[in-house]
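A, B, C, D, E and F label the chains in the order they appear, each numbered from 1.
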């Protein structure tokens, strides 16, 4: 059953990079509020915003052997998504693995578990979103799979999906939806600039969005 | 039942600003160790210390409609305190709402839920204390209330109370107690400077606070 | 039963400082993956890496009296390890206590509870690893013990053990094992430099660690 | 500041008992979905459904002294509501205190902390809703207050409020609202019997509540 | 986007019932340790063991409108799987909905959120696996989808999959795998009876599974 | 380093059984409020109260191989204490292992992880205190140690210590302290019978323990 799928259709890099520029919250909205990974995934250092094509790993608690297997499948522009088969905070990943990832052109790591060597990872400018920071070492004894669909932090990720990650969290965009989501997200973004200017000038959302009437209809009472 | 109270007695700005300068821990002590919000509320970026007059919002899980209603009630020097009616980590608040808040002169946000666009909020220098960071969008379907007493992160907040927030957390000072609390806190602060100097010079708290006798009486045994 | 053990065999400072330089993850590995404190202990500010000889405190929830007793036992190069007898997030420690700690030459604090005044502690460059940040004040009413074995964040700490703490967490090295652990850890570190260079040049861990054969034997299937 | 308020206006027992019969979910609905204590409060044994007039206690973490003080304030038909000033799972309450409670006619305990002797409490038929079951003993060193407003498990409880607790959780009904809430809840209950019969006969809520049109209007699409 | 898929291929009832008889742990093993929902889902009363064909619901936090829509899609032998789009403990489901479920022949409910009226549900013998028990009412304002793939408690559930639930938890068996999983699970079960007899007679697993040699090879040392 | 210590000094069975009869809370008090395991350990079914001589196991997350090794070390009257080296909720233990345990005369299991087959375990009357109930299977790949000191749920347990477990939780009594603890606990128990009678007759703890004066001295104010 443990399998490595070596053929992977990847989305175009232009789409990936444009999605990265739009950020997680906008993309999440643009695809109908879907695809968000749970907010317990946090960046290990401030400031990173990346996107990449997902290479996925399903592996056991406390065992990082499959990360070595996965590295060989990484290409320039990829990002690794790691989902243990049960809850685990162990430190699956550190600076040696990150060195290998960088040598392959990988852009970052999203892992629903722990990582370590976070000071070095920050110096290397290698971004990670994880559930924990922990020095706990892992073993290399049991197989898992690479490039199979995984549920990571509550979201289904299929190999070749676009993953976008920033300070707000992590979102997955199914490959087939990437172009449309980019379009929607760009439109939304453009639209937001206008709104921002109005709001900055003091216009109220109550008026800009014409909320007063529906609020009144539902029975909102003002007392003075 | 959903209500917006538009008339709000606010504390003087001088009191608010002097309380901000004293910080959360000192104020919490000065009012008899009361009024602390639970420590799961954390600042979204480092360094902010603010105080403001509380405008409060009670709203449903996953629905931020009342934030738009609340903005109209915000005045210069206010701070919004938001309490969902059940546990929720969704991203109720982002950069567009912050733009509106700033246009009204609001000083910040305390929310027992999630926020998003945290990188932009940091650039805008708009401080938020929240339970989570999450991109999860919210809807605008159900009413709540503005400027009613709320329980936020375990503490009762009444509209017009002073809220002080810094890197140690968030504390509420009932408006009627603000002056006395300021007095107590200032006295405490003055007192601390002296203590700090003594302790820095090597004097032990055991001696400075005359603890040796009560410790011995209770039976503390030294072994060598 | 409440006891202060005033005689404490300490490890040599050279060993302590060399262990600090190697960091938590390497030391944890070098002593057979033992001694790690739970990852809920986090540094209150980024960047610190320290080591010290453990002075230990067992004390009640919400009562920091024994910290004053412990300070008198601190010597230059020590580090305090504090374990409440039941779960507690209260702010046991703040800038006044830190001033005293610094006057005694203490290097830092590891506490399975909360601390406060974290902005000032950062300015003082006084590193703390804690479970929470909370302004909640503590009382001085009940005795505990100083320099007895304690379980802190799931790890047994004996007075005089070496504690190493960095951005990856906290590890305890039993005093009797300090020299051997240092030796193992240094060897491991030396070994890592070589590996890092190879991996950076694009050599795969699969090849460097000769993993392909054992993976195949266990049944890993490649599909294309 | 530590205070015991000995004069307490209590609601009538008839109202209390009728509210108990209606149960927590119905009452919560009947008062506009307010007053629910957080669901981490669970009954220590199955089957109990009680109501009582609240005597409240605010006390420190790990210190149950004020429970002894509170007992003297308990009257027949009362129920104790206990809120520590910070998070605590210690075992504040056991069979000896329960014996005293029963001697005073108290109906039960709601505590946002731990209790012990739960087998004996079940045999005594003394119902408790708590956050934890823990043998951890508490001390008697620090004062708190009895019959002051407290926030317990996220809800504001004022002395003399009606507390209703069953297998679904705990709800507080402000004394002034007790009669009206009872009326609303009874109406709701009566109404539910009809609905239950219809639904049991196979009528769909979609039809009974006329939901098809609003669902279609909002865009719900059926695919076959 | 909110959709109700009304055509649903269901697995045969014989397979479903035989899977129920085998239980969650055995089935989880038999399908290669896949498909387990997270252990925070717990039965609301002891003793139930059921299986059914999954009808799935994706819905917003605090809004149970889609449950009414889903009921119409339930057939005899079905089981509802409910996944909110963000973390929520509100009481989505109670005795009225259960009455409707029973009228449609539904066998139970698996919900990654809260339920209420648990005493009545137990009397009705209507089994539920949930994350919480909470009286908190939900609204009917926002659409979701019925019979779309959902991630529930960390596992992907597709409409028409077999769900098995007992005191050990909940597992999903993809419809296409149901027959093979049943075969594997039955073989495993048969095999276990033999093992159980041997172990009961005092034979050690060390000998029965021939573990002594591999343990020795890996370096396990016995000391006496 | 993985070791099985086969020689184990055990406490007398009479002491063990008398400690069981006294229960966890009383024993915890009698030994100075020490030795309690964290309250997240809960019994898998109601009613059990046991004690036994500890055989201990330290093992990896998700790997139960060492349980098979440990069984050979179990003797009549023993109880197994299992501590994974990092947080894990997997189902390490089920009915087959319990069958072996019973064949060896083991009295029960305390495990800071998950177990499964809980319905069968209840039928077998085999008591377990665990952190979770989970069907998640574990592997047999990595060594650990048997009969070494372990930290289990925050408490240090040495092989041959007495473990007492009931509905209130789990406590460890160091072997050398067993006789004295039994004596203290028995005295305490005897003493409680008297107190219980007094309290049942309506005497207040305030009077029985002479608390009124110290309360008044500390400043407790009664208001009417």
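By our rule, a contact is a pair of C-beta atoms (placed from the backbone, for glycine too) under 8 Å apart; a residue touches a chain by one contact, two chains touch by 3 or more.
What you are looking at is a predicted structure, and each value in this text was computed from that prediction instead of being measured.
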Neighbouring chains common to subunit D and subunit E, by label: B, F
For subunit A and subunit B, what's the span in angstrom between their mean Cα positions? 31
Report the inter-chain centroid distance for subunit A and subunit D in whole angstrom, where each centroid is the mean of the CA atoms. 41
Taking each chain's mean CA coordinate, subunit B and subunit D are separated, in whole Å, by 28
Going by the contact rule already set, what residues in subunit E reach two or more other chains? 33, 85-87, 89, 134, 136
Taking the top-of-page definition of touch, could you list the pairs of chains it picks out? A-B, A-C, A-E, A-F, B-C, B-D, B-E, C-D, C-F, D-E, D-F, E-F
Subunit D residues within the subunit B interface of the complex: 1, 32-33, 36, 38, 85-87, 149, 151, 154-156
Parts of subunit B lying in touch with subunit E, wherever the complex brings them together: 60-63, 85-90, 134, 136, 139, 141-142
Residues of subunit D touching subunit E in their complex? 24-25, 28-29, 33, 36, 39, 42, 47, 49, 166-169, 171, 192, 195-196, 199-202, 204-206, 209, 211, 215, 218-224
Give every residue of subunit F touching subunit E within the complex, in rising order. 2-7, 65, 68-69, 71-72, 89, 91, 94-97, 99-100, 102-104, 114, 116-119, 132-137, 140, 143
